[in-house]
Amino acid sequence: MNEKVFVGQSVKRLEDPDLLRGGGQFLDDLKLPGLLEAAFVRSPFAHARISSIDVEEATKVPGVVGVYSAHDLPDVMRGKRILLQVPNPAITNPITQEPLASEEVCFVGEAVCVIVADTRHAAEDAAERVIVDWDPMPATGHCDSALKPKAPVVHSGMTDNVAGRFSLGYGDIDQAFRNAHHVLRERYEPHRGTGHPMECRGVAAIYDAVADAFRIWSSTQTPHNTQRGVVDMFEMPEDHVRIITPDVGGGFGPKNQVYPEEMVIPALAQMLGRPVKWAEDRREHFLTTTQERDQVWDISVAIDDDGKILGLKGTLIHDAGAYLPWGTIMPYISATTVPGPYRLGAYKIDVTVAFTNMVPTTPLRGAGRPQAVYVMERICDLIARERAIDPAEVRRRNFIPADAMPFEMGLTYRDGAPVIYDSGDYPEAQAKALARAEYDSFPVRQAKALKQGRYIGIGIGNYVEGTGLGPFEGATIRILTNGRVTIYTGATPAGQAHKTTLTQICADQLGVGMTDVDVVVGDTGMMPRGAGTYASRITVNAGSSVRMASIEVREKLLKLAAAKFHVAEDDLECRDGAVRIKGEQGDTISFSDLAKMTSGMPGYVLPAGVKPDLEASAYFTPPQATYSNGSHVAEVEVDPETGLVTIIKYTVVHDCGNVINPMLVDGQIQGGVAHGIGNALLERMVYDVDANPLTTTFAEYLMPTAELIPGCDIVHMSSPTPLNPLGAKGAGEGGTIPAPAALVAAVENALKPFDVRITDCPILPQRIVELIAEAELRKTGGN
Amino acid sequence: MKPAPFKYHRAETLDDATGMLAELENARLLSGGQSLMPMMNLRYVAVDHLIDINPVAALAGISIEDNHLRIGGMTRQRSVLESDRIVARAPIIREALGFVGHVQTRNRGTVGGSLAHMDPSAELMGLASLMDAEISMTSRGGERRVAITDYPLGYMTPNIEPDEILSEVRFDLWPDGHGWDFREFAQRHGDFAIVGVGSLLSLDNGGRIERAAVTLIGVDDGPIRLGDVEAALVGEPPGEDVFQAAGNMAAKRELMGDALVTSAYRQKLADVLVRRSLARAAERVGEAADA
Amino acid sequence: MIIENSIKLPLAMDEAWAILLNITFVAPCLPGTELTNIIDERTFEGAVNLKLGPVALAFKGKAVIEEVNPEMCAVRVSAKGREDRGRGSANADVRFRLSLDDQGTRVDVVTDLQLAGSIIQYARGASVIERTAQFLVDQFAQRLRTRIESGETPDPEAIKVGSLLWQGIKSTVTGKGRNGTDDA
Amino acid sequence: MPDGRHTREITLNVNGESRTAEVEDRFSLADFLRKVLGLTGTHLGCEHGVCGACTVLVDGDSVRGCLMLAVQAEGRDVITVEGLANADGTLNPLQQAFMDHHGLQCGFCTPGILTTLSAYLRDHPDADEAALREALSGNICRCTGYETIVRAALSAAENLRKGQP
């Protein structure tokens, strides 16, 4: 009895009623008795030594309880750095942040001192009066210059700025280039962008002296990562550190890191014996929350006359920022994502991860894939232009055919498993997207517009994304004595509606209604083992675990009822919160009674072999990532005189296998594309040559707003995966990944009359005007 | 991002306000707060006393007599935008105010607050320059009038003494049937203009340009009135090449560059926007006001 | 940020040299500057108050005469200041070089100013900070010149450094120094 | 907190209920609602007048709660997201439309959008898509990509026009 009642339906969200009434409980909403608030003193310099810290004036500010720098923190923290999340042999310098910088600061915004007061206002008043004697040192502002010989060293004591090096590839690359009819080369530079969820980060903590235990709330995507960090820092047993995740106002990647404030705030709560809270403000978010995207690619491609790619090789310099909280995962993802949906004869890439005196970089929606897809799709467009082949045709000639699935690429994925595309029809995805976007008739539209003096263009962006990464995301299903079903999971939602999706799966298996299930998320006290929400992995992992655990509970219910009614289990069914004998007037026994039976209440006998409690836990462990794919087509108009880009139409074909809730998947795609449009046309984190951040307000860092984002025309394909019981794949980042590639290609296509070449991203209006001027100079034989 | 401490004072009347301004040290006026409060939250601006002049009814109001439009300093931007009396005589004002921030901004933002704050991209400063405005300051000692040309002294530094309140701005109205256009370049609605242009045109009965006013915003500390362009336009028939020449002339000026936007790009935008603005203004000559 | 400027002083080299080393005479020429404490002949504390529109900045810091190079007639002063409300830090390295010129002495001033903190983390304001810094240095030059032209002379007692160092180099400056008057 | 910090007692109407409390002069209206009155439905996303998450209604006008001082709201009528639902506690047509059209994901920006749209639709009952998108340009949402918000707003406008409760 598991016919689909909810799975596959666009069920309305369980999360909405509370949120729509302003009833959400976000970090800064927590009302803890006797609460104190904290503010940090942060470095104005990108690189400096801390000579002295004078806190005397600060302590006199009304409302201030205490002012603390590194050496004031508990001894157990002395000289320690935060646990490195993703160790990897390729890392040469695995340096992470201290809770408070003790001797040296390596990016603007790194904290050296914290103030606790009765209000945030008073804490900030005191922060102004802390006098730090900085000894500024030269700083390195870009990953390219970081590797130059005389570049200032990001961390004094290190000899160079190399954080890690590795190479990967497959096939005989030298032979590919020997056989090449043509070799093309280009340099690409995606620039820094950030997540900017509308809710900034935040941490609150209570220390229970009697139990020597922490209760820590954090606006995080991965409470278990935070727990591991706190356990390592304070050397406490895991069950003494409970991380609770309240409602989270968006994550998008950067909230899956373990941050210094998640160490300092608990320490203060312990020292003061009172609850302490720190709510990050937007300025702090610009200065301290991890960012991403800065890379420099130098790529060569060997092709035959027909534009078939024989081999692709090159170098990637990845900006790690000042520290490595998440190891070198992102450049690794970039490197393994480049081939995408194409069968490259041979591939070789040498990657150098460089430190810079800027905020650390960690995965941000797409996690290195938007850049890799940008490079691969730009290479396809370069081939198309040089060989005068239609861009769609270049891609058609290089696609991995559908019948080649599962397709082993010859690379190893970030989880150590081989990259094997499990399912997907890439040529069909592009074909559907082109048809929907009326690609073939576009030249007519373009010519007509040109006559009216309007420049319109069209661009393609294909991608394949490894999703549903292990190791696991478990689930425990328990039926309480009141008959309600509870799901406990390590999944930690930040707006993706995990509670709704997981309830759909569980309710179908147990024959209950959507409102009969409660879901407990993001709480290490309730689900001791978990990984967390990132890399579009929850539906695959937690969803599969919920399904497995629900089936196990159902079987227990049937076994108990069968024993009670002396019938075969097959004659029974679960429906409306009870087990019924099939057919009319069949006897029924409610889940509640069955739960009482197994809860140890006197007066019952457990049948042989049935363990107490109506409960089951499952940890689905995927053998490898499952690969979603998609094809985006963007049509834009460009005003060549001002450089303004307007999006006319945005088409998305998306394949993430079986869909649990189509409404939610469409929401992820539309929201993901909006983020991608930001990365392509609006958002850029700008630093000066001394690594000072210059775009530190929303007046200069341009977030996409309502009038700029079109409604996407979304076409669904579904290639179920054999790798998990749901046949589902991840969908959280697919919208963002190819958007920059498609949009930049469309802008370049619109400017075909000017023969402009775009190799960086985002492409901003000023740059478009400059490129046109340069192109015209080239045409008129200028320098 | 909480403001530094200050003492709040509520001025019920103009005399209250001027009195407090005269007596209080390191004080500042609070009107709409849409420009001042962000700078106080970011702690760029810190004051000891904040004098709230919102309750001063006398400072709010719109009046039109013969060819002058008077707007009180505390008048909300929204009521100026929605005023049918204003759009009848000066339609450019509604078009320009549509660019000022967002709905929430204009619900609280005031005309006087924007002029006193003097952001280089302030649309209201552009209008004041374009329409030969005269700005009145009131202090305990009396009233002082400043022509818009003498008003900007430097970056966000208007010609207002510490003890003065910007009480009123008076715009010179153009005869009915004039052409108008206000446009700006920014990537998002409500952003600070990278470059903005305001144009007013009137034609003689031979169809030639009789009078022209063109102002740039976002390109210098204060708005720039393009006197040379205006002179070149007078006597010419409206047309693509005339407006093209006007744009080229505008682009020759030295315009501000900053960490994100080069002065060369501002010059390019000035060239394009002036041309387009004049063309649109010319189209509107003689049209009904709210076209 | 490098700011260059040059001042023409209607003085002989040695007079100009003496003035330049008299901080109490020179410092107030920088707008908004006040010398608050003379620690020793090379080290001084002061305050610089300036306004960027509505933003009032109050720097307190220290200046040190790092090098006095009589042969090259050059002086290097380093200054380090912190803004009162923690909104910014300023580190400046200022080099003065004297050379003869037809009307008297030319002083070339090269200021290498490194700013940090929230005041510069605002891209739209970047051009203003550069213009203000340039304006301040220009004002300094102009005020120094007018102060001298108005006949004011530094009070040698006010500052010991002038006398100490000045003695040592008097001969080279007035004599036939490498770039002395004969090859003007 | 007497220790020299400037505070004053204010009385204002919040969601139809008169509230009186002491607050520091410098507290924004948003901080006052959240920290003093405990109405945490209004959220702070940027505190410099761009994101719109702090939007509340003051005497019927949509206003950024982070740019207005609490003391300025003395004697005024403030409506927050907590005051939008129908008298019987059910979701009002705009809130219901958001649920029906998946107009929210993380929900952090939603209170500011609901208050902005409540005022805007009251003043512009037959606003079209373009007008709505411009009205929403002062509210940043990172999750949804705005399409579902606009659909929800258009649907709510239609229901309101038809006079549905």
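Note that the chains are named A, B, C and D in the order they appear, and that numbering of residues resets to 1 at the start of each chain.
Quick note on the criterion: a residue touches a chain if its C-beta (ideal position, glycine included) is under 8 Å from a C-beta of that chain, and two chains touch if they have at least 3 such contacts.
All figures in this text were calculated on a predicted structure; none of them were measured in a lab.
**Q** Return the chain label for which the distance between chain Cα mean and whole-protein Cα mean is smallest.
**A** Ranked by how close its C-alpha centre lies to the overall one, first comes A.
**Q** Tell me, please, which chain's centre (mean of its C-alpha atoms) is farthest from the centre of chain D?
**A** C
**Q** Does A-D or B-C have more contacting C-beta pairs?
**A** A-D
**Q** Roughly how far is chain A from chain D, centre to centre by C-alpha average, rounded to an integer in Å?
**A** Once rounded, the distance between the two centres reads 29 Å.
**Q** Mind checking the centre-to-centre distance between chain C and chain D? Centres are C-alpha means, answer in whole Å.
**A** 54
**Q** Between chain B and chain C, what is the gap in Å from one C-alpha centre to the other?
**A** The mean C-alpha positions of chain B and chain C differ by 40 Å.
**Q** Centroid of chain A to centroid of chain C, CA atoms only: how many Å?
**A** That pair's centroid distance is 52 Å.
**Q** What residues in chain A touch two or more of the other chains?
**A** 119, 121, 128, 281-283, 686, 688, 694-695, 697, 699-700, 705, 707
**Q** Quick check on chain C: which residues sit in contact with 2+ other chains?
**A** 85, 87, 118, 122-124, 126
**Q** Residues of chain B that touch two or more other chains: which are they?
**A** Counting only residues that touch two or more other chains, chain B contributes 1-5, 38, 42-43, 188-190, 192, 259-260.
**Q** Touching pairs of chains, all of them, please.
**A** So, checking each combination of chains, I get A-B, A-C, A-D, B-C, B-D as the touching pairs.
**Q** In the complex formed with chain B, which residues of chain C make contact?
**A** 51-56, 85, 87, 118-119, 122-128, 131-132
**Q** What part of chain D is in contact with chain A in the complex they form?
**A** Contact set of chain D toward chain A: 1, 3-5, 24, 26-27, 34-35, 38-48, 50-51, 53, 80-82, 84-85, 91, 95, 98-100, 102, 104-111, 114, 130, 132-134, 136-137, 139-150.
**Q** What part of chain C is in contact with chain A in the complex they form?
**A** 82, 84-89, 91, 114, 116-118, 120-124, 126
**Q** Enumerate the contact residues on chain B facing chain C in the complex.
**A** Chain B residues touching chain C: 4, 28, 36, 39, 42-46, 117-118, 154-157, 192, 256-260.
**Q** Across the complex, what residues on chain A touch chain C?
**A** 41, 44-46, 108, 127-131, 134, 136, 283, 287, 686, 688, 690, 692-697, 699-700
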